[in-house]
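As written, the chain order gives the labels A, B, C, D and E, with residue 1 at the start of each chain.
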């Protein structure tokens, strides 16, 4: 019920320099919002602007400028921004293509990274996957998201309050912080999934129901999407780490190596969750089958005990003229005794065979 | 029923410079049609020609010439065209061999690409796989298809109406557009398959029937063929991307990298569909087995309740001369009461054991 | 029944320069036959010789000499031939070792290739696997086979009738033709297997019997052997393609690349067949299990309907003195009516539950 | 019951040079204890110190200094120590992050290794996994552990009593000894697991119970964690072996190669245990299913024998006015004879069919 | 019963230059025997010596010396020998560590190879795995085995009787011969296993019993050990083949390549056996399940036929005062006729449904 269907396959959008049409997959109704944060170690400007032109003044200042766009529905805006910052039209299309695979590309003047942002949607108890583009230039970082709401709030807070070293570093450090926040988001999602999976495991042991199985299947299905989001991200970050772009200062690489390690850890954890889920599924099936077997066994034993007894009763229900037992004074109690004996013998036999 | 059997194995055709015979696997009855589109940024000629010789005038012009051949049945035509454009006899054989594995080969004067074109056959609800050859020369592109009907219509339209940058670019860009259209076709097919698979998934949850299982098997089988078509195509395009052929201009490589990314995405998606299908199959089996268990359990419980009752009835159907209960005025109601009590106790027991 | 047991493991033969003993695995009773075909673009000599010495005259002529040996039983003959053509004693042992893994080795003066020849044995409906050795020298090709009968007839015919370019090319082209004929043989075998597998699939859907399952297992088992024959052959041919031996002229490499592509295609096809077989096996098991479930369900339903009816009959078979219903004029028809009602209600319940 | 839940996913701790907060996952209540062992081939000082400053005198001596910290809860202490020994703040975070993946990093002045220490917890019969950091500098080794209690006691003993060559070697040999002790710990844990698994195997063969299955699942689950601890350790040690750091003397590499071999052996053994567990699980399931089948078969056979007998009794319980058999003097014994005959025939049939 | 438990995990022995203690895993009670074979192309000395010192005279002669030690229990002997031949203490430990993983290490003055020797233990019908160390120096070969009895007898025989070329070659050829004998031993073991597996397969088809399944599991378990013995051996021999040690003459590499090929063949064969075993296990399970289904079906059909008949009998066992049928003269025969009809109809129905 709670599962919002995710599309399995996303078509890639039309290109070839044709007049742009709204990309499939993007939600054209989402409101577009541009936020600019411009800072150096002394000053900070943070404001929401309306048009691409409003960003122009920041571009040419020596300060670090972070322009964040929420919503991919306004094609002309993305085009205007891209033109201002000199982005290739393939990059524009990648920004708008919400089904873009995580990747990093080096365009000399800037680096382009497509990555998936995972956030945990508490009420629906599932992961929300969002396509995020990060463009790193000499003194600017552009980020494009599908929707308002992101995992970057801690980064903004650090910039605003001048915590840590972010205000004293360049745009490359800012983009590292953003990537780090995204990878942190992966941990949060996996932790939540881990908790869910442990709940499911408990449910399977305590009382396996078909709903539990459906939940297992839902979690597995979700895992497929998460894997498809995270695996290529590792390659992308490894490519960034190896990259020789002058946009990345030497000591940033150590931070990138650290993120690389973190994402490897994420992948290990995701793999473990996957194995766990498979294990739980097996446990579920075995458990259901055991329970069923138990039922059938007990019922069959009941039937098996009564069938011979009924047979005995049937014998003395026959109407033969000459059945001496019927005339015996103790015939009836004797039959009861026989039946009792048969029952006791059978129960003893079953118990000996460990069927009971 | 609807499934047209695809051949699992295709034999490769005779070669060694022998007089050609119609290759096995090609449909010799398909009508052959040659279409020429010749253009530069100002002029465009599009016409259907009858013989290979009619293509000769276009070959030596500086304009970009795209010759498309529908149907591989006319061996002498392919030979004539190949001779005109200087194609190696191995290439001729690859063009005609509809079971050729996707690949790219560099013959210095031209590049040869064999690739599979996938189109969705709506009525039969399955993918149609067609062998396509693309030959890229200095100023010409040759394409060979098994049948009329292709995914290139959007490219033709762009050339005709001078949309995008295709008319201002060379033959390499045209061949990129064709490859891109083919990869776009892969997305369409996978999307359709994705929809089918989701329908099947719904059917499995709602009402699993053997037909559903057969559909699952059909989709799996189809997946095997699609995988065999697409996987090698990725290698082929990667080889093209790495190729140092002077026929590919420098900026084309960026487009090829983009196609490479797209086809990697296609493969990811196809893998996800495969996992989905396996998951659905498991769900189906579990669901059928659960349902069966449910049936057996209820039926067994009914039997188990009545068997002791029948036994009691059997007891008082016995004809012993001395059965005091039979004489009791309240004997009969008492038996009913006992039976009722037995039933209630058993039902309570079953309910306590959660068997009901 | 029809399955000739293939040995799972073949021991490698004694070596270390010891006096030769007939290798285990070879059939010493097979008659040995030496055929020589010696040709250039003008002349052709084809004859059957008796001894290794008879081959000597051909060795030193500039013409291409193809010596084919059917049967590996005559150790001294192989030694004599090997000495004449300067083969290393390890090669002699590889020639005789019918369990030799496919491989290519470069001995500078000659190249040695061990490969498996697959032929379809129609009557037994299974593949026949034969160990073939090909030795390529400057102007000679030696081939050694286990038994008479091979896939080289088409090559011989082309040489005899001067079809194609084989008579105008060197020994390397001849050996390419032989390899090509062997790979063609792989296609034939896989096609036949494909047909068998499709028949089995039809049988599984139409009427699954244990015989079908045994056939599936037989085909799987055969697949294991075929895989072991073909997989290493791909590596071997790739090694040949990469080889820098002067014995291989430059343009031969293009042909070898072509064979490499073909054998990759063969492996793809074999993998598909394997997946098909697994799928068919699953279908079989599901189908048998479904059928069984169907039987059990119907039978259980029949039993379940009659058990309450029998209980009712049992009630009125009791011999209580005071059973008012027994005296009622309409008692008997009433019981029938009750029974009918119970049956109808139960059937309706089963139908509603979709158990019928 | 005995299973202490291990967290499946561990979030990585906050960083970016922010004022430190206690890392999640570390147990802040664990007491922190610093032990210093300072030695050369003649002298040895071993003492427990209170503050980071107390370690300072040892740092600048030429002797080898091993500082071990038990407990990661005191953030300021770790910071102070790190500052003294010049550790990067990323290293500080790795030290405190108990979910850190095993890795080795070269910071030129020192090498940092994160590794998991496995100890067997006898009473709970499961492995205890602890995060250990080893920092190797020119003449010092720092180790950080989560809790008191480790596998290093044998190393300490060797240093104290001057056994072996450790007192005559440098800090690199000491860190090798520590790694070696950790890998030895892996063997101990795997051996204990191996013994448990063999016990479980015996239990499965002797008397498979659901508890056995739960134990199998617990062992599998534990195996997932152990694998995640050991696999990356191999990579880390391989990186160390290949490292060109001047901190590692040439002959240490041979020892590292040896550890690498040992850890490969550990991984082989762990894989074997995993396969064993899967095999045991299969055996369990087959065994339970066989047992169940056996029960059902015997019970069904009993029912099947009595059902026809009851039918016969039912026949002669009918009240038809004209049933000649009922008047026969030998009718009743005859019926018994018939019943006996039916039983014998059925038993013979079952035995012939090998159902009994 | 016959299965001697193999230890799943072997701990590695203590080291670090400590006074040696008997390694765990070695059988200290095994008698130690030293045999020396010293030869060149003219002379041969073969004798059993008592102490390491007795080997000293042979070390410094130009002849090839092969010293074989049976039994690893005498630590001081191994130390003495190692000192004489200049072996590193890590090598000494590897020699004594019977759980050492197969490997090859180059110590410049000598090469050390640890390998597993497999012998078929006929009476117990299982493979015997023994740890063998081979040390190759300039003019000597040392071999260390766990127990008397090995696969080297054929090599000894060749040396003694001067068969083949071994007497004319150096120590490297001798060590090749030993490796070759070991790999030959692998073939023998796999062949025997192959035969056993074929027997098991026949048993599964003819009459599947739980014993068969236990045998399958035993063979699988044994396969795990064999795989762990052979797989690393391939890597080790490949390393030897690639080694640039001057101890290996150029033409020896061709022999090593040959062994490498053989061991690859062994691994292929072992993989096939593994697949076979899995297939047989599946066949077993299917076969048992089929048989069970068959039983249940027949029994259920018998029950299903009699239940309605018993119901009919029950009807006419009722004691209603007004049951007209009971008075009919032909009532009784009519009931029999009805019962017969019901039976026939049901049988026909079952037959039509192919349930019989």
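By our rule, a contact is a pair of C-beta atoms (placed from the backbone, for glycine too) under 8 Å apart; a residue touches a chain by one contact, two chains touch by 3 or more.
Bear in mind the structure is a predicted one, so any value in this text is a computation, not a measurement.
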Legend entry - Chain copies touching (chain D, chain E) - same or different residues, decided at half shared: different
Legend entry - Centroid distance [mean C-alpha coordinates] between chain E and chain B, Å: 43
Inset, instruction - Could you list which residues of chain C touch at least two other chains? - result: 296, 300, 303, 307, 310, 314, 317-319, 323
Legend entry - Overall pattern in which the protein chains touch one another (line/ring/star/complete/other): ring
Inset, instruction - Just walk me round the ring: chain A, then chain B, then whatever comes after, in order. - result: A, B, C, E, D
Inset, instruction - Over in the complex, which chain C residues touch chain E? Could you list them? - result: 5, 7-12, 15-19, 88, 90, 99-101, 103, 105, 210, 213-214, 217, 220-221, 224-225, 228, 232, 285, 288, 292, 295-296, 299-300, 302-303, 306-307, 309-310, 313-314, 316-319, 323, 325-329, 331-332, 335
Inset, instruction - Could you pull out which chain C residues touch chain B in their complex? - result: 158, 163-166, 177, 180, 183-184, 187-188, 190-191, 193-194, 197-198, 205, 254-255, 257-258, 261-262, 264-265, 268-269, 272-273, 275-276, 279, 283, 286, 290, 293, 296-297, 300-301, 303-304, 307-308, 310-311, 314-315, 317-323, 353-355
